[in-house]
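Step one of this worksheet: look at the structure below.
Just so it is clear, A, B, C, D, E and F label the chains in written order, and each chain counts residues from 1 on its own.
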C-alpha cells in the first residue's frame, strides 16, 4: 500500500543506482561534464562495441541524472519518440513517449544509432536542441518546456553508413561531438581480464588478434573485432573452452560469411593459440 | 480554481512574452513588417543555424502575434497539420492541428524546413495563401475562414536539397521571400560574446575559423560552421575547457566524418589557438 | 435558437455571396456557361497563379451555384473525396466527402491540381462524368444519383508535370477544356493596380519585368512570374517599400535558388527601378 | 411504413428500369447472350469512350439482371470488393462489398478498367470464375456460393497500358472476350445527332474530324477522339456556340498538351468548320 | 432448432460432398495418396487452367478430408492466413484465419498461386511443414499443434514468374512436388465433350487448335490456350454460336492484344472451322 | 477448476517435454552449453534443412529451458516481437510479444531466419544482448530486466542472401556463432534410415544423390538437396512408391524449374535407381 506522504519518484526506473564499470580512455569525462553544464546536445561517434553506451551510463551515474535510452530503428515514427493517444475506458488517453518523458523528468535522453531512424523523424528533436528547449506535442496541443536537467545525447557510427543514411547538416549542426575508438592495447586487455576472469596473458593475445583484424577494416571486413567480442572470447575461455575453438566461435564466425576472410582470421588466431 | 468571469486566452501558450535577443543584419525587420501588414505569406531562405527561427520569434514578439511553430518532416500527413478525429467517451472528437489552431487564433504559423514535408501535403496550405484565406477541413465538413491576424511563414534551406526535394512552382509562387545568411564578422562576434560570456577576442578568433570553413562549402563540406556551433564553442571555452579541445568538439567533429576534412578543419583551428 | 420552420440551407457555407473581382480575358465566360447548361465536366488548363481558381468562383457566383473546392494531393485517397465511416457513440456514422456533398447539393465541385492526386484515385470521378451521373458509395452500399445542378470542374497545369504525373486518356476524354494564360499586358496592369492600390505606371513596369521573366521559362525557370507575385510586388510598394527591394522579395528570391538566374532577374528589375 | 407482407427487393437499386439507348455495331448482343446463358465470365476490350459501359447496361436491361458496377483503381483492396467489418453499437458488423452483393443477388458485376486494380487483388475473383463459382469471405469465415444468376464482366483498354499493368495469363484465361471499337462513320454520326440534337451534317463533319485524329493514335496521341468527345462537341454547338470554338474546347484542348499536336488538330477542325 | 446432442460439424462447410469430375493423366493420384499418408507438404506445379485446383478437390473427396482454399495475393498479410483480433461487444475477440482453421480441423489447406503472396509472409507456414507441425499464434500467445489430419498443399505456376517472384529455397525445400501439364489430346477432347455437350469431333478440332497455340508459348504468347478456354469454346458452340465466332471470342481475343498474334491465332482457327 | 494452491506454470506451453532426436555432428553441444552458462547470444549459421531448428530444441531440452520460436518475416514489426496494446472491455490491455514473454520467463528465444526481418526492426534486440540485458517497452513505459535464464539465439542462412539483406555489423558483433552444414555421409544416412524406416542401403543411395546435387550449388542451383528432402524421399519409398518416382517428386521437381537442371538431377537419380 502506498501512503500519501511517500510520493514515488517517477524517475526511479531510470536512475543508474550502481556505478557502471567504465575505464576512461582520454578526456571524454571532463568534456562531457562541461557540455552537460550548458545542457549542450552531444553526439558520440565511434564503431560498434567500443563502449559508447556504457560511457553514457557512467556519466548519468556521475552527474546524478536519470537515463532514458532509445534504440532507434527505421520503423520508428515521431510518435514512438513523442507519444500517442491510447484507447481507454473513457476514450483516448495520452501516453508520453521516451523523449517526452525525458524532457519532463530532466533526464539524459540517449538516442542510440540515431541514423537508423528516418532522417525526417529526427527533425522532431530540433526544437529541443536550440535555445527554445521545447517539444511541441502537436497531437495533444501542448508545448512542453524541457526540465532544466534535460540533455540530449545521440550515438552515431560513421563507419559503415551508406550514402543514403547520413545525418543532415541541419541536425549535425545542433550537436557537439566526441569521437570514440577502441581503447589502447594495455587498457583493452585490462578491461577484458576484469570483465571475464580470463588470465591477463590470454587477454593480451586476444587484443593482438583484434589489432590484426582491425587492419582489415575496409579490406573485406565492414568492422574490426570489437571489445565486446573480445570479452565473449575471454568468457568462453574462462568457461574452459579450448581457446582456438572459443576464438573461432566469437571472433571469426560472427564477423564474416566469406571463406577467404574466414581463413585469414583463423590464421590470425592460430598465430597466438595452438590448434585444439 | 478558474472562475467563469476570467476567460482564459487560448493563444496564451503561443505568445512570446519575453523579447528574444535578435540582432538584425539588414532591412529584414522592415520588409517583414510590411509583408505582415498585407498578411502576405513569407518564405525565409538560408543555411542552417543562421537565425531564421529566432527572427520569426522576434517578429512575433514585435508584432504582438502568437507564434505556432511546426517542425516539418517526411512522415507528416495533411492531418498532422490540419487536425483529426480522436476517440472519446462519446465517440469521435475533432482535434485541430497546429495550422488550424493558428488560423483560428490569428497567429503566425511557422512551418520550419517545409521541404521536408511531402510536396503534396504542402498543397493543403494553398487555400490559406491566396485571396481566399480559407482552410477546408474536409474530414470535418467545415470551411474555416482564417482570423484577420493569421500569417503563414515557411523556412527553406536551398543549400543541400536534393533534386527530389524542392518546392513546386505552384507553392513557391504563393510566397514573398527573404534571403538570410550568416551575419558579418563584427556582428557575429558580438552575438557570440553576448550569448556565451567568452572574451571578445576569443569570439573574433572563432568567427575567423568559421570563415575558413565556410569557404569549404561545396568542396567537401555540405554546410559551413553555423553561428550556433560558434556559440557552442564559446560556451565550452567559458566553462574553462581548453580552446583547441573545445573547437574540436564543437566545430570539427560534428561537421565531418572524413579524416582529410577533419585535418583541414583542425589546422584551421590551430592557426588561432595553440595546442593544449 | 433555430426554429423548426426555418430550415437551414445545407449549401449555405459553399455559396459565393460576394461577387469576386474577375476580369475576363477572352470568351471563357460564355464557353463555360454553355458547358454548364449541359452539365459538361470542364478542365481548366494553365500556369500557376493566372486566375483559374478565381474564375471558378466568379462562374459559381454568376450561375448561382454553391462551390466546393478540393486541393488535391498525392496522399488523397478515394475516401477523402467520397466519404468514410466515423466512430460515434452508437458505432460508426457515415460522413460524406466533399465530392459526395457536391453531388448531393447540386454544387460545382472544383478539384484543384487534380494531377497531384493518384491517377487511379481520380477514377472515382468517372461515373459522375458520363451519362450515368452517379457516384457509387461502395462502403456505404449506396448508389448516389447526382443532383441536376451538379457539375465537375478540374484544374491542370501542364507546364511542369513530370512524365509520371499526367492525366490518363480515359480521364481526359471525359472533360471539355479551357486553356488559360497570363492576361495581356494592358489587362494585367489594370488588375495589379486595382488589387494593390499602387500607381498604374508602377503596375506597367511590373508587368514588363514579368514579361522578361516569362521568356526564361524552360531556360532555367520552371515557371515565369505569375500575376499573383506581381500583386505581391504592388502591395509591398503600396506599403511604402522601395520598389527594387519589393521586387527582389516578391519576384526574384521566391522564384529561383540559382545565383546566376537570381542575377538575371535582378538586372531585369534594375532596368525599370533604380537601386535603393 | 413497410408492411411485413411486402418484402423489399434488395436488388431494386441495381435494376436498370429504363432501357438505355444502345446502337449495336456487330453481333455483340447475340454473343453476350450466349455467354450469359452459360454464366461465362466476359471481358470487354476496347478504347476509351466507345460505349462498353453502356453496352453492359443495355445487356443487363435486356436480360433482366441487376447490374453492379465498380470503377477499379490502384488503391482498391480486396476488402473493397469483398467486404469488411464495421464498428457498430454492439461490436463489429460485416458489410458486403459490391462483388459479394452481386454474387448474393445474382447480379451482373461489372469491374470497369480492371487493370487499374492491383493485379493481385484481382486474384480474389478467380474462385468466382471457374466451376466452383464461390467467393471465400476469409475474414468472415464464410464460403459464399454465387446465386445462379450471377455473371462477372470486366472491361479492359489494351491501348495505352504500360508493360507494368497488364492482366496476368491466369486471369485472362478465365474470360471470354468481346472486342469493341468506335462505330462506323454512319452509325457514329447517327448516335451524335440523336444524343445532342445537333444537325446531321454537323455530326458528319465531327465524325470526319475524329477519323483524322484517330489516325494519329500512336503518332503523338495516346488515344484518338472518342465518341463521347464528339457528343460534347455536338452539345456545345447545339447550345449555340461557334463550331470551331466548340471543337477546340472539346476535341483539341482536352486531348493534348503539345503545341504542335494542338496545331495539327486545330487545322483538322478548320478543314470542316470556318474560323469564327 | 439445434439440440444439444447433435453437435454441428465445424468442418461441414469445407467438405467436398459431391465427387468432382477429375480425369487422371498419370500416377498423380497414387503419389499424392502416399504423400498424404505421411502428411508431407505437396507443391503442385503447372500452367494456368490445367486442372490443379480440381485435382486437389478430387483428392480431398477421395481421402475424406475437408478442403480450405486460399487464393493468395500480394496484399495478403500473415494475419490474413493466421487470424486477427476483431472488436466485439466485450472488447477484442480472436478470429482464426483459414490456415489456422485448417490446422485445427485437420483439413487440407490449399494455398493457390502461393508465389503471389509476399515471400516473407510465406514464412509463417514453415513451422507447419517440418517435424513440429505447429503454428505459433504470436498475437494470441498460443502455440497451435496441427490436427493429425492436416496437410498443406500449394500451387505454383513457374511459366511466367518474374525473377522477383520466386519461391525461396528455404520454402521450396519443405515440399514434395507434382508437375502438371495439359492432358494428352485424346484425354483433353474427352474432357471437353463431357463438360460442354459439344460433339466429339468439334472437341477434337478445338484440341488441335490449342496444340498449335501452345507451340507459340514463349514466342509471343505468355501461355498457350488452356483446357478451361477450350471448354468455354465448346460451351459457346453448344449454345448454337457459329464455331469461328465462338473460337475468336474464347481462344483468340482473350489471349492476346497484339494484332499479329491475333491474326496467327485466327488463321489457326480457320484451318479447322470455315468462316461464318 | 483451478485451486489457488496449484499455480500454473506460465512457461509450460514452451517446455520441450519429449527429448527430440538430435544427432550431434561436432562439438556444437559443448560450445552451446558454455555460451549458455554466460547467457551469451548465439547465432546459428548454415543452409536450409540441415537441423538448426532441431538443435535448438535439443539444447532447450538438455538445459531444461522453455523455448520460444519466432519465424521472422519482412512484415514483422518491432511490436510483433515486443508486444502491443489490445482493445478490451475496459480499454486497452497490454499483450506481451514472444520476445518479451521469453525475457520474462527466462526462456531461450529463437529468432528463425532473422535476416528476413527488417534490419532495423532487429535493433530492438540490442539492449537484450549486451551487459544491460533489458528490453525497453517504450509503448508501455516499462523497462524490462530479463530473467537470469533468458538467452537469445538467432539463425542465419548466408547462402542465398542478397546484398540487400544482410546482418548489420552492429548486430553481428553481439553474437557468438556456430557454423552448421549437412552431416557427413555416414551420419546423414543413419538419420534418414532412422527417421523414415527405409532400408539403410536405400538411405546410402539417397545421400550419394544429394552429394552430387550439392556440388551444383552456385552452378544453377541456389541450394543443394537438404537432409529434410532426403527424409521425404525415404518416406515415400517406405510407403511403397517406386524409388525413381519418389526421388523425382522429392529431390528433383521441388528444387528447380529449369528443364536442363531437371534432366541433370534426373540422371543423377537414375545412376542409383533404375527406371520404374
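For this structure, a couple of remarks:
FYI, a residue touches a chain if its C-beta (ideal position, glycine included) is under 8 Å from a C-beta of that chain, and two chains touch if they have at least 3 such contacts.
Everything numeric in this text was worked out from a predicted model, so none of it was measured.
Minimum number of contact steps separating chain C from chain F: 3.
Comparing the contact residues of chain A and chain F by number shows a mostly separate set, under half of all numbers used being common to the two copies. Rotating chain A by 120 degrees superposes its CA atoms on those of chain E, with the angle stated to the nearest 5.
Centroids of chain A and chain B (each the mean of its C-alpha atoms) stand 30 Å apart.
In whole angstrom, the spacing between the mean C-alpha positions of chain A and chain D is 60.
In chain F, the residues that reach two or more other chains under the touch definition are 87, 90. With chains as nodes and touching pairs as edges, the resulting graph is a single ring in which every chain has exactly two contacts.
Within the complex formed with chain A, the chain F residues making contact are 27, 30-31, 34-35, 37-38, 40, 43, 45, 77-78, 85, 87, 90-92, 118-124, 126-127, 130-132, 136, 138-139, 141-143, 158, 168-170, 172-179.
Listed in rising order, the residues of chain F touching chain E in the complex are 13-14, 48-49, 53-54, 69-75, 80, 84, 86-90, 93, 95-98, 101, 112-113, 116, 157, 159-160, 222-223, 226, 228-229, 232, 235-236, 239-241, 245, 249-250, 253-255, 257.
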